[in-house]
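You will see two complexes here that share chain A, one where it goes with chain B and one where it goes with chain C.
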Partner chain A sequence: MKRLCSHCGKSFANILVGREDKYLCRCCFFEYFEDTVHRTIVEECLLQPGERIAIGASGGKDSTVLAYVLKLLNERYYYNWDLWLLSIDEGIQGYRDDSLRTVEQNRDDYNLPLYTLSYSELYNWTMDQVVSQIGRKSNCTFCGVFRRQALDKGTEKIQANVLATGHNADDIAETILLNLLRGDHARFSRSVMEENANYRMSIDSDSKKIRRVKPLKRVYEKEIVMYAYFKKLKYFATECIYAPFAYRGHAREYLKSLERIRPHSISDILYSLSCISLEDSKTRVGQQCIRCGSISSQNICKACLLRTSLDRGQGVLAVKRSGMAILSKNTVESEIPQTVSESSTESNIS
Partner chain B sequence: MPQVELQFGGGLESLTGGNKVVPANFSGEQVVLGRVIDWIRTCLIKEKHEYFVQGEHIRPGILVLINDVDWELEGKTSYVIQEGDRITFISTLHGG
Partner chain C sequence: MATKTHHCAKCQQRATVYDVGGSKCDSCFQQAIIHNFKTTISRKGLAQFGDNVGVAASGGYSSQALIDLLGRSLSEREDGKTSRMKMQVTIFHIDCESPFLSSNAGIEVIQPLAAKYSFRVCTAKASHSCQQLWKQVGECLAWKDVKDIGDLEELSRIVVYRMVAFLAKSQGCKIVFDGLNASSICRNILTSISSGNGFAIPFEVSPADMSRRFFDISIHHPQHDITDRQLIRYVWMRQIGFIAPNLTLLGPTSSVDSLTVSFLKDLEEQHRSTIPNILKTSSRIVVPLQFSHCSLCRVPVGSNGKFVSTCTKVSEKNDNEEQVHALLCKACQHRQGRMSMETFQSFLTSLMVFDKALQSQDNE
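Take a look at the complex of A and B:
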């Protein structure tokens, strides 16, 4: 028993969106999806006409859809954006090689320039080497810290001042939940403030700092996968070979199970998030890492700390498994604090 | 004896030995999608069954389409399969 599209009433519906009474045909779904992303960009002033934009490209579904939709909106609305694909090579054999090939496919299909930066050129360590030293327990912590900084450096290198990543509504809810579950108040506060930040204010006030934007923040994982499926976009769908041990995976599964019982779980979490207001007192602005010059709340940034520990063969010691970040306490005076909270650093790829 | 085409994507093809398309025959009159899922779990998938089904349900995060229509619009597991149906399973859980 086929249902007609609740928007146009002409074609049969293909997909149930928004968890409720909205069921759309293929065409209306494309329109809905693209409009949602466009409204996010416009209403939150995420991207300015004419600017150079780095798209964090992993070859996965989120960044592939992001690159596709940004290119499409650019042409549809004459934004004159200078779009670049920015890819980070973590140095994971048999995983990143294949996904990089997918990014190269994106480059050719969408006719966008691609810039690739590797952990080995930035840190002199590949993830394979990191794992061979520290094992598979905290490797995602290293990878997350390195990736965050690598994306910043790459954005700088291509002289863009905005970095767009493919994080979607599910990813954001997952991150908030993860930080909450871990009792890491520093990271929790930071993620809440980042998500609730208003770019309208930050654009002219601090032009040197790279803006991180998430144009897919209002669309759900399901919608992204459906969009990619119906548009026949090619993406890379293999789990990182080092990821199954990460706690994030459990948070993701938990969220998906919640959703089955309570379909609105994700939008409820995001609504709660938008209602939290935090005093921005802890942020020390304008501080730079004395080693590499990255913006950092400490003298030495986390990436440099982790790298130093690896160089000394002490990578395992660098990560403490408890929730509290020693780094978040202001009391550490020594040049190199020995621990980085695992919870404060891990981030997902998207 | 409806014959259907099963499709696996988004990383799920790793459970079927890399096969993205698998034809299958089912005997009987009223074959519901739940039975097809059961068959995939017990006969088609050789290992890591929990990546496909958890308990009674298909693993959360796997999308199902029947002839390109979201199964949530088609009664999910109670859908009665028709000759020539194309059933697509896509994982949303892999990669970013």
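Take a look at the complex of A and C:
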């Protein structure tokens, strides 16, 4: 039976927005979606007019829709944003090379500049090589750490003020559940604090901290898919070939089953987050990695430690807690005499 | 091919239980469970020497294990020494009929176990006030009106806990132990998060009742550190009778509760530390100092306008017509949307009247 749109009451509805139990026609759905993203940006002061914004673009539906919507809002409200697409090539054959072609298509369609960085350029390792050393377990640890740093480096290279990623409400809810199920209190408290905008990190005045924003954080994954479908946006829809073994899959499966019973569960999880306060943990002091200069809470950043482990053929050690402690200690001990001798050489030269 | 025989980590006898803490024989496993139970009571201050304690028993394996553990803790020790714990124990059983409670099966398994340890048994049918409440609630709540199975389960639980609190008060018990174990606490944590009641998590995870949900009665969970799997094993070893859960309504996706239970069970098979992980992370959440209670489910709710909205005006007709404002948590707000307004309001009114009676009994 055809229903009329709950909003305009004129056209027939095409979409059910489950969390609000509304039936919307195509035009009203576009308006609802764009308005939700715009309200998120305005209410949480995510982006300022005139900023240069790097959009993390993987070619997937989230980043494609994000690029499209930001461009649309930029034109509609005259924010004068300088939008750039920033893509990271992890070196996964049969997956990343195809999705990069989609990003190039987006560059041409939306007329946005594109900057691509690859793992092989930054770390001399591709994900295929990493997996061949450590196997299919815990490879997401390497990819996640490397990608985060690669995005920061890419954003610095294009001199952008802020990095926008396509994380949606489902991703954030999954992360909460994931950290709770794994007992990862540090990450759980960080995600709570970030959501409550209480996260403070003591940084040096000349530190190069990149601001990260998630304009799609209040939008459901299903809504993103429907938006991309109705707008006929081109995106790459295949899951990473190494993803099926990730722990996140458990949280995702639970969340999807929950959403089928109660469609508003995802927004309820985010609401629950706003009600939680955690024990005061020690404020992490940001310092610069003595190797690569990235911001880190330790002397040597995680990416450099993981890279060292791979170079030494000890990649498997890096993903075990006890192994990490040994690796970290050995790496720091070997680094500090080196930096001391370098600095003494410099002072001799001067 | 010879099979490897495992030995108990403590006494080197043949092991029969392969647990997180290592292989154990039957006797050492039972000792470990009792030790865990007694330690939780003493370290968390759940009850003091000589207290009058109630036990909320449904007849399920968890509450049967609770009765047996309490009985063994209070009895003379196996080495002949007197137990250091001393409490007056009364068992409360709600034996009224509903879609979720069968009246006779529970009491048939509870009474023999209670008699073994000379515990008194007090049932709802024996209390006139409880019968009145049940009748009131049963009449105003058309159970067939409640289509969501999760809501049915939760509404039954809400009424049962109130009746237990009332029975406890009438018997002079200020402390009640219930059969919530580590697995069910984790289930409650996940369902609280997914229904928007994140505020209640620090109260759910604590073994001691810090929320004062039922005024003067504290409902504690002494089996806080014991998992489902351990309790089932314990009950089987001790050959204790219990009633099985009602499986006709409990398919894995029939409600949020059953989905969460089956998800946790599957995850625990692959990652044994799931339950301790959830408890460990949740226990780091700070207990709020200021809070109110939801008028329906009595769950703690933030007093800050951000966390809560007052949304129901319930009129209570006495000689003078009185307008009563109710506070609802997020989950109950959703529940209100799923039921007819009339049913919800009359159910809420009868519960609020009952709470007033419970509160006035406190003041006497």
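Definition applied: the second predicted complex is superposed on the first by the 301 of 350 C-alpha atoms of A that agree within 3 Å, B and C clash if a C-alpha of one lies under 4 Å from a C-alpha of the other, contacts with A are read in each partner's own complex, and residues count from 1 in each chain.
Simple rule for what comes next: contacts are C-beta pairs under 8 Å (C-beta built on N, C-alpha and C of every residue); 3 or more make two chains touch, one makes a residue touch a chain.
Note that this is a predicted model, so its numbers are computed, not measured.
J.: On chain A, do chain B and chain C fit together or clash when superposed?
T.: In the arrangement built by aligning on chain A, the partners chain C and chain B fit side by side.
J.: Is A:179 touching the first partner chain B, the second partner chain C, both, or neither of them?
T.: A:179 sits against chain C, while chain B stays out of touch.
J.: Using the superposition on chain A described above, determine whether A:143 touches chain B (first), chain C (second), both, or neither.
T.: neither
J.: What is the contact status of A:189 with respect to chain B (first) and chain C (second): first, second, both, or neither?
T.: second
J.: Based on the superposed arrangement, let me know which partner A:260 touches: chain B (first), chain C (second), both, or neither?
T.: both
J.: Counting only touches as set out at the top, which of chain B and chain C does A:275 meet: first, second, both, neither?
T.: Touch status of A:275: second partner only.
J.: Quick check for you: in the superposed arrangement, does A:114 touch first (chain B), second (chain C), both or neither?
T.: neither
J.: Which holds for A:16: it touches chain B only (first), chain C only (second), both, or neither?
T.: first
J.: Could you say whether A:130 touches chain B, chain C, both of them, or neither, answering first, second, both or neither?
T.: neither
J.: Once the two complexes are aligned on their shared chain, state how close chain B comes to chain C by Cα atoms, in whole Å.
T.: Comparing every C-alpha of chain B with every C-alpha of chain C, the smallest gap is 10 Å.
J.: Let me check the overlay on chain A: which residues of chain A are in contact with chain B and also with chain C?
T.: Comparing the two interfaces on chain A, one with chain B and one with chain C, the shared residues are 253, 257, 260.
J.: For the complex, give me every residue of chain A touching chain B.
T.: Residue list for chain A touching chain B: 2-3, 12-16, 23, 26, 58-63, 99, 166-167, 171, 221-222, 224-226, 229-230, 235-240, 252-253, 256-257, 259-260, 348-350.
J.: Which of the residues in chain A end up touching chain C in this complex?
T.: Contacts found on chain A: 176-177, 179-185, 188-189, 247, 250, 253-254, 257-258, 260-262, 264-265, 268-269, 271-279.
J.: Help me check something: in the complex, which residues belonging to chain B touch chain A?
T.: Counting only chain B, the residues touching chain A are 9-11, 14, 57, 60-61, 63, 65, 68-70, 72-73, 88, 90-96.
J.: List the residues on chain C that touch chain A in their complex, please.
T.: 150, 189-190, 192-199, 201, 253, 255-256, 259-260, 263, 267, 271, 273-274, 276-278, 280-282, 284-286, 288, 302, 306-307, 330, 334
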